[in-house]
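Alright, structures below, take your time with them.
One chain, subunit A, appears in both complexes that follow, with subunit B as partner in the first and subunit C in the second.
Let's look at the complex of A and B:
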């Protein structure tokens, strides 16, 4: 159970319409007399969430206003006092650490808002830059300490706040975002929303000018210290300009130069002289009185720099999506999935960039994208999608039969409007964090599944008008997407360490079935495209023929890729069956559960989804246990029908089990052949040209997993064959956690030789 | 084997007691103390009372011969908006010096038994992905990991949601009325 919620809970049932008052003291005491000590008076709407958000006054761990004997409510710090240049670097570097901790998901309360400088700047609720000052008395002194604070540090702080404003705006304007990744709470403080970015940039430039000019040179003795400050102000400017919402076309370039600029910060960080008194946890007290005191989050400087560098690289990469908006939908989605798969997963802000760009596309562009998607799979050069269909005017004569083209357009429009929500999700999904992607997949799969009947009906209407189309084209498209999503959900389960080691055989078995299904779809569709291409050639429609050929080649590449997944998953399933039969992966005792109940729980997201259609537990159990139970804790709860393997003598049975190693090896070999074929076709065909490098790396990693699995199997097999039953004394198996594998989705067991 | 028969080694004279509201003054402070030890932020008294007053019969304590509290499990059972009758294990802790002796396993089994008797469909809980002892305990009993919850806890740590089905057909139950309880403290993912 988690501890308190991060935000105070707003009153749910405010009844403001009738402000009548009466004194309840006497009736309250009267009623309270009837209750024993500790009786919970709880209305039925009081939830656990509220209980957890509640505070106990006078408990120092919960009551942020609680004062220890002699303690002051607030720490006093004079923000107008002069600082040395080294101290300014100290404050600035500490602010950067807090800023990056905030980007990582911690609230402002525990990070930037612990700074007295930020507190004072925001406390006066400035509506323009001249009000965003440390002191209402204008700083007329020209001494170094004053300029360093009132110009340099102030410019840095103001720009930091403005950057937070931009980031918050970008992230919270998403279709879908959750506070687990990013805390948007500003505790009723206005992050300089009205202050124009140009003014902030001008202030930074003023500071830059001072540091570069005579003032700075004479004020700051050490040249490197001065340059250190300069590089911080310049970085701040660069970062602010890059973050500016609306994402100019230069955003990519702006983010790209940041990692280099950070070198200047790292080199001069040794001059930083911390000013710990300029930060205080007590500032929380006047910002949020209804949450317990929260610890300040301290990120080391080196880590903060690394985070900012990564964030900038990710943001620059994200901006690249603009180049592909007019390309194929496959290209776009491949881009998004590759982006989401970067390691470590991009933070909330960079992940918001592709969403911002995509969802600022007008609806007509989305429709075009959708039509392209349909054409690429089920309507290659098909009259159904002929743009002419959308230009046919309705006949002015009432009751006149409608033109088939117009009816076709109507059907497609209906389809698009009924399914658009799910279509958007295909793009929103890969913009979430990995854990959420998996959970959101479940909902999107159910949505696509709910479209089965409506699509089937639309297809029936369509097929009455068009004889030469893919069978149930719209349903096929929906089902194909669904299979991709189901496959992704299972694969993310491997990546996120959801499955226990004795579930791996089952999950690879399931993955193999899904991919087989998907492969079947693609083979049918590519055969259709091939036929159509031949027809166009016969009709001498050369241009159309070559367009359909492209579709054909792409579908064939996709089929080949699906087949490689199918085979490799099958191989891994057999490998894990083998390892279980050899007792390398013991079945836990699990006294409170049965295999059938666990199957239902594990497969819950897919129980009702068709296709792929989940086999009954009995079938799954039988396929995964060709030679009976793996060990004494693994037993089939439902009856004990005499099976073939029961008739085998023990020696022969053991020999059969041992043969699984070779079967797995053979299947790995087949999968490798498919993979090599895919690799040869190159990334461009399947629409991964935009992420060619990652595509290559991905295939290379899967191939490494194939090799690794082959070696692991051979090692175990050799010892099994020579040592027989005593193999457990010689070897053990470890399942490497996510991040320590050749490929996150292909778990190769680690064989450990004992002694 | 029922939980009550589960044998415990190396812990002589340990007994298991159900919580009772009438003994709040005696029990609650020590329960709080034991549970707070492993929390970065304490729960308010309301959280304890939320559970203990509504489901006193789903809180069990392990005590030694001198009635000292050695371990405790706190849980609840209600109709969840997913349509299931859901048991939820909210808190579990065993005194450091007595860990690794099967005490938590026994406490959890007693609580689950009680929930099963009251017709629970499933048992659910969350635990940090790095809490090896807790994961081993629950997974050894039959729980599976159903979800990974990124930055679930306030300290930024990630959790697994663990689930145990007690009845066939639980996976097919559908959301009932939207007002039914959510159950966990953060919005359900």
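Let's look at the complex of A and C:
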């Protein structure tokens, strides 16, 4: 029997002191049979937890080596066989589908690495482009089928691999979440890292030249098929150049032309003749032998084209950030948030682009950016940030009093170095996927919260040196950022459907409180800026006065925007309160928890955060239940029995509850006025000039939500007034899921009239 | 009179950490360190390699290339890591390097010796 086992066993056998091997089948089975049910004989360090991860042999879902009767271990496919031009289009289009599935987050194993062509190219571990070939025998024949495979298809495959290399490099060099955003695993394969991009481009150009020249014309009968191949090779080249990790200044243009080029592909896809045998799920058996087999991910061609087009547009948009690096920090952050808010959310690669550009900025530029940020909020034209402070040299005499300017610079430097980590986060955050943004927000909020004491101390020192500054300037800045983050976290909660329908009143109530707080900050700061502007005007420092005026106008715009959020959140809170009193949103029975504990759990991220300081549950309950419990499942054991509303006769109490609808309407109207004021001020003032279009759309959507909420309230109110208690028979309320709303953050209930 | 279940457990414990070669019904062999077993002879192996019978084509090719009666064909193998081999598929178990005392205790004969 030719059964000499190879490798590990064979090498061990060569060893003279090799212990002998015994057949123990019978005694082993005999002994095992005697064991009691449930008894395990196990290594003392081996845990059952580990055992769960073991692959079960002979289970087709777990055991990748399991062969069905008559099945071969591997599929054989001859990569050197000639193909027709239509078949090459078929293979190329399939590769594009897999490539886009990979961009979406699926591993290479289930996508591009299922191709025999790619497998052969990478299997020989080529270190230069001449080794990346389908066959070690050079293709000397000049026949069409050979050229199509060994030149055109090979060029396409090599460029695809190189593109994957670029994407992996770019994504993994930045903050991303493995397997959630992107799968960077290459299964120990080198994605042509050493092969220079120029050589790949040259190969693509050679293929392009052949297709354009006599060779291609005589080899491919149909002109459209030839043009189809050409457009695929050209797209490949364009995409590769655009993906180049340095992100040249032309990257934006390079990405921008891709959507147009895709038209050529779509038009000629009808010629594609699939070659299904050139792909195999079995290739993963040797690439990833320790995991269960995984299915191939099939993305339809039309969808892949759409994805690539979207990816290119997102990437082009991301590259635009280069223009704003020298602008205001507010502008930069608005840009990033608007980019993150694009629908659908940009994939991992486009999201890595702004990070790459931002974090290649030197630290000095970051400091300047930070100083600009401080100046824009708390130090408008302030001597604290006077660049002269950083040029004063310390006196060589020991013990000599330091110049106040130098001390100021020291304080600011200390502040910046202590808070820089959180400051970077303000920019990394909006480059993550939406769910991660919400989760990371919590950590960043905690970080900012931990800065309270150190900043307070620095402020005290600063205020001793400078009398005419905002009260606790550094702390104000930190607290302001924190409030923005808390607000964003709650709003993302609405967007991501985190809250249950009977929690909406509570969450909008909380949002309203945060925005009110933020608005208060901004009003104080703008009053300060106004005062300073007047002073400069008095002193005839026209230039400084106009600069401070800009700050004042911006702060006023921001205050106005915060106020609109506060009012609208209040209106929505009242609206949901009203709907709960009318029993449209029933409180579920929750026998195993109490309202207070649920409140604590939901507000966990904000429990310690100060300011604004989370109100005690009693206060929350009292404010949200002005007329007692909503229904029989909604009761608060801690509440006192002798409330005012208990003294009212039932009729009067019902009338009071019904009045909530008008109250909500009134507040919506006020919010709308604020929003219209913000809209009139335009995007430029608040630093959203870079994303004016999205800014306009955002405001328009919020206004639509206002109108929608008003209509919903009016509809319900009318029926409540005419039908009284029987309203539930006439109407019902649905909470539309995210994506089907006027605005993701403003959940307008859908009123359904029952038949 | 010692409890037979305890005795059986002690006997099997001798194999823990030892390299087992487990043959399965589909003519594969798994070589790895034994970690755990139970009443149904399900065996957990760590750091396992899977060996497979050479395909007919490769045997034929090797036979054609040799001039003598004997020839070697390597078994295709790959690393599969931590696996559990269900007892019902096991056709043969062999163990490498057990102490001679254990060999005696189990009453193994010279014919049970494989290599």
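The rule is short, and it goes like this: the second predicted complex is superposed on the first by the 695 of 755 C-alpha atoms of A that agree within 3 Å, B and C clash if a C-alpha of one lies under 4 Å from a C-alpha of the other, contacts with A are read in each partner's own complex, and residues count from 1 in each chain.
One rule holds for everything that comes next: contacts are C-beta pairs under 8 Å (C-beta built on N, C-alpha and C of every residue); 3 or more make two chains touch, one makes a residue touch a chain.
Since this is a predicted model, take the numbers as computed values, not measurements.
Contacts of A:128 after superposition on the shared chain: neither subunit B nor subunit C is touched. Of the two partner chains placed around the shared chain by superposition, neither subunit B nor subunit C is touched by A:471. In the superposed model, A:55 makes contact with both subunit B and subunit C. In the superposition on chain A, A:593 contacts subunit B only, with no contact to subunit C. When the two structures are aligned on the shared chain, A:285 is found in touch with subunit C, with no touch to subunit B. In the superposition on chain A, contact is made by A:29 with subunit C only, not with subunit B.
When both complexes are overlaid on chain A, the residue A:618 reaches neither subunit B nor subunit C. Within the superposed three-chain model, A:78 lies out of touch with both subunit B and subunit C [touch as defined at top]. Residues 2-6, 37-40, 42, 46, 51, 54-56 of subunit A are contacted both by subunit B in one complex and by subunit C in the other. Across the complex, subunit A is touched by residues 4-5, 7-9, 11-13, 15-17, 21, 24-26, 28-31, 34-41, 44, 46, 49-55, 59, 62, 71-87, 89-98, 103, 106-108, 112-115 of subunit C. If you check the complex, the residues on subunit A that touch subunit C are 2-9, 13, 18-25, 27-43, 46, 50-51, 53-58, 63-67, 72-73, 285-286, 289-290. Interface residues of subunit A facing subunit B in the complex, by the touch rule stated above, are 1-6, 37-40, 42, 46-49, 51-52, 54-56, 59, 61-62, 104-106, 178, 180-181, 292, 294-295, 297, 433-436, 438-439, 496-500, 503, 588-593, 596-598, 600-604, 607-608.
Contact residues of subunit B toward subunit A in the complex are 1, 21, 24-25, 28, 39-47, 49-50, 53-54, 90-91, 109, 112, 122, 125-126, 129, 139-156, 158-160, 163-172, 181-186, 189.
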